[in-house]
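Lettered A, B, C and D in written order, each chain numbered from 1.
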């Protein structure tokens, strides 16, 4: 066992991470620093203080990171139109690098030599936490209790809690959701329970952030999103901070049944898993961002971004936010976003996100292209013949040489 | 003017291509062969015969290509999950190579030395027709009247028709839609009219194939799609031919308000244009294909496909169906589809296409992965530590060397 | 310790794998099957039999795999023009999947439940062996002694050998090269020793397969390579089997000082390492293959291959030969090679491989393209204006909209 | 004919562009501004002044652009390790955007409404000039005389010159090389003549910048190149400007027979062509840049660059230097070059460029990685087992499900 003196724990205040805090103290005979962050998960973070104090924790960090989360993580990712495997908006993935960063910063501030988290040994989150931690502090020790201990059942956890006077919110523990959930300002996710049968439809009661399309209002709602350099800066003309934008879009989207997703995805650790996600605001953001780009981005810049998007999304999913390659890609992406300004008008109705209009002072759309050639000679229909002829030349030469296309 | 003896014309039977037929006869003093195909555009093709005969056409081809269209063009494309610019399902693009192929085959059969079409000089379709034609018959002459003549207004067309006794369906011509439309079994498209203002919402009356989400049934409908090697072979357990599958999905999707799209896209000829599309069946197919792949495709095969998809879609959009590079990509794609078998259950409701279940005898999903390690040693949570450590190694070395990640 | 009954060992007959054989017998109390292959490493394989017998091995496999190696591994890889990190011809990487395959086949034949190899825990080879093994027999056990035992020095190995009556070729062991080497028909590699200082120049005495450029003949030698579907089938007009081709090219190339390489590369396990390689035949093959492709491959097929080559090379380097993604890429690559036929003339002189001519019945090169337009209208210089105008259109629109290019 | 008042001509001072100058004056009845640049082609530019004056040209620009050429064009391109089609170092391609930029700047300064150049209608250069021009000044007129006039033979050019009192350097014209050549500080190219037969070996007399390997010194020469942020800043410890670096490398490389290339390439306009190139300095630069990157670049940054390199090279080759997509890629590339500092030692001998050493304060190479785990726990050989196991998991699951790898 490494000689660890102080460990910073990503602490939610719940049963699991409370047991981890105690287990770390006992197993490693080390000081524990707790770090609890509000990243929009929808639960109070302040109660974590008393729980930590009750376990004798002396250094307790409780922080509201919502603005930083959206501004520095969610927004840059949406500039890339990132989607993993054609469907997933990376809601869990994008929160981990922020947590990793703060864990390391706190380790540096408090002189800790280790960090710890409550992610299991079969998921992606352990990878995301730990790659970030190692990338930011290469000599850090990482303790992943779920990969080490033998408290691998709810019963053993409860027993351990009881034995060590860890207060258990029995009401909560007793009515525990059958699903493994994770939430932040971008989304809430569900795994486990009946979802383990990919043929089984998710139950309506599972979903927490959105109504069903059936239960959504019968009246559509139109909203206008204003973009500046690829980021939303106002809703319906009202300027808002990044976190406020996402909160508001979650509210409106959730009300209209927007953003539910049910997929089977490929984890970085090698297995397939079935997950359900609610991403009301993010679902609107992706469609709207593509719409404003459609008007303002040059074709080849857009296609270049599209060709790199799967790579970018994979990096975020796999936990390589804090890597030179993600940063290099981000430079490319951000370089394209300067002209991505303007308004997108979106209609929300019973699960649908329908782009109905877009406008921009930086628009490259020109309905008068027909008359364009008159003043500037830009488009002469006869040019098309030459364009086609030369693009076809290699194909003609090949055909003449007897090549078959089948 | 090249010395052209016989030209095969892609003939719809409508005013424009009737004028073209006559204009070709007069301008080139050549024989005209007409080719009219049913590719699911929803209009009778047989009436084209009498119109062609009335103009003295002797060789008239009228064909039902619906099965070939779906089997050999639509289905292979959907195996690639092709989407252009994140949104467009390539409904127009995919029909052109089939028409080009038949034009050339008919030219070979009839001894024609040229082909002709009614696409304008500013759009993508001229490119798609002509690249295909040149690739399949390198010495063919192509006549694109819209790039050559001066009949560039509806009035001049009507006048020409009147002058040359071309029967005009005045009722139809009089009530002509303000939109430029194109339809086939995969979609119907709209351009022009008020759509030229990308801020203006499309009018409800414009849409022809689908009801609005608002007007769709209040009851959801569930359907089960059965896949064999990446293609849908049955709906709700009933085996169907490719064209029948698509017709049926169009019917069901249209009924539930599925598949409307309103975008600004980048044409190959260099300008942006705004288009609206209805692709009810295709919209269902894309989601369902991704769902069955999610269960049956290996992760890296799926990611490889995703990384190549934008290239594939661009090739189809730009008119390079008949090219060695599209064929090579298709080999790769098709090589992945052998295990893409099984059922997808989809819920349709007021514009939403919701995948609710997927199952397959070729599934790579294993909910019992938890117990997997017990019998086969496949997953030991402790392995994750090594996995992360080695993936982090380069990042740690870089951090130790003082590299900053910002 | 898993309950292992029989293990197939990749056995070279040398000290290390002899110790491993004994150690496996002792540690696992299991039967050992030895597998020794001639893949062109330039050492006799038959002596391994007596050594294995002396240790009481009952099932001994000794095989000449040279033809299979070149035909099914080297040749397909060269069709891809694979180079790792711009320099490395993957000589070690490409041999491992063949060994893995045979290990598993022999395990299946002999009823073994495990395989074992002598690769260390810090290199790529362990990964390549084991990924292949797992991919081909998912339940197999893998024993990598270097990751498990404590015989981690030459002294402890020698002591173990002495203690267990393993015959040590002291002459060989005593004059052991300071380098870690690996050889097969494609190359010989060197690591370690003074190479660990990347600033130090490799010593001339290190190189074994080639003379230095300085020591090469003062007269150049010309050879003609004949390709059929992307593979070399004859040298100077003489038809040869794949292995004979490579042997002959190694001989000629080595004589002319061709194919030495000195690089720092990035290992899959996360560290950089410095390696020197001699790949005389392969160096000729790469240049010549590109030359015959330059004449016979369509431009976009070639560019598609080039864009995928780094991915392909990375897969081979990292040990994913036996993976669905490598196979899918191979389908694409092989689909392009049908017309890659013809002759390449190469001049070899003191380390230089100079392509001086290429010809093919499938050539797409047409020096008379100047007159081409006369008969077939393929190239009219005026077409170039339209080609440029339309390709420039998006750039002009952007410039008109005030976009800056800096 | 467009109404053109003033045209800026890329003027070499030679016969062709002198005839063009006169032809422009006569045909368009416009003023001509000449622009002659020294980009290292090895010919005096000042004599162009008298020739232009003799034709009555009033605005004459003669400029030394060598430093700008290397600093802003060659160096950024070499940061990308750009090679077109696996062989070509883009020597001609990279000079055109600079010329296009200055043509447009001069047009803006002099109030010209058009530019003109002497490139033919079948090559890439017309595209490169004109795409650049349109991208930088969207309303500019472009006059490409070779696509317009009928002076399409040397005889007609000479006759036109005689008729219009254009002084012809008969000695030069009489001994005109059978090759079409283009030179700048990066390379000299040859096309035409016997090269039109791709099977014919280039004649020794053709080459102008380098001796043959046979004629090169019998003694090798070692040089040390110092890099700062990806660019060479010193040779053998002596700091030099970019142009001086390239001049010096050309001198040394040419002396040692380095940098000859003989290829068949695919032009953007659709045909194959055979070209020979001498790029002595560039050939050294590419190898050396890869070498310094091998030590200082993170693996995934390097692989990302490699995966994008073919795209980047294609953009440069096709004339899209002045495009948002090239600029976005450059941002990514440049973002990786900050740590690309240090020295590379290269041995030059009879055509060979042999990297023999590299060192850097920013090195990520760590020969003591073996002991690394001791102090920092970075590498534990046992981690490799977990790394392999998890990377193999998807392959094992697939194999267990009966998937075949063939």
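Definition applied: contacts are C-beta pairs under 8 Å (C-beta built on N, C-alpha and C of every residue); 3 or more make two chains touch, one makes a residue touch a chain.
Computed from a prediction, not measured in an experiment: that's the story for all the values here.
Trainee: Same residues or different residues where chain B meets chain C? The copies count as same if more than half of the interface numbers are shared.
Mentor: Mostly the same residues.
Trainee: Since chain A and chain B are copies of the same chain sequence, what is the angle of the rotation superposing the Cα atoms of one on the other, rounded to the nearest 5°?
Mentor: An angle of 180 degrees brings one copy onto the other.
Trainee: Centre to centre, by mean C-alpha position, how many angstrom separate chain C and chain D?
Mentor: Spacing between the chain centres: roughly 32 Å.
Trainee: If you average the CA atoms of chain A and of chain D, how far apart do the two points sit, in angstrom?
Mentor: Computed from C-alpha means, the inter-chain centre distance equals 42 Å.
Trainee: What parts of chain D, by residue number, touch at least two of the other chains?
Mentor: 138-139, 266, 269-271, 298-300, 303, 311, 323-324, 327, 363-364, 366, 369, 376, 378-379, 382, 384-385, 387, 389-398, 400, 403
Trainee: Sort out for me which residues of chain B touch chain A in the complex.
Mentor: 81, 85-87, 120-122, 126-127, 130-131, 134-139, 142, 144, 146-147, 196-202, 213-214, 218, 220, 260, 262-266, 269-274, 290-291, 294-295, 299, 302-303, 306-307, 309-311, 314, 322-324, 327, 343, 345, 347, 349-352, 354-359, 363-367, 369-370, 379, 381-382, 384-385, 387-389, 391-392, 395-400, 403, 405-406
Trainee: What does chain D use to touch chain A in their complex?
Mentor: Interface residues on the chain D side: 2, 138-139, 141, 266, 269-271, 298, 300-301, 303-304, 311, 320, 323-325, 327-329, 331-333, 335-336, 376-378, 390-394, 397.
Trainee: Looking at the complex, which residues from chain B come into contact with chain D?
Mentor: Its residues touching chain D are 298-300, 339, 362-364, 366, 376, 378-380, 382-387, 389-391, 393-398, 400-401, 403.
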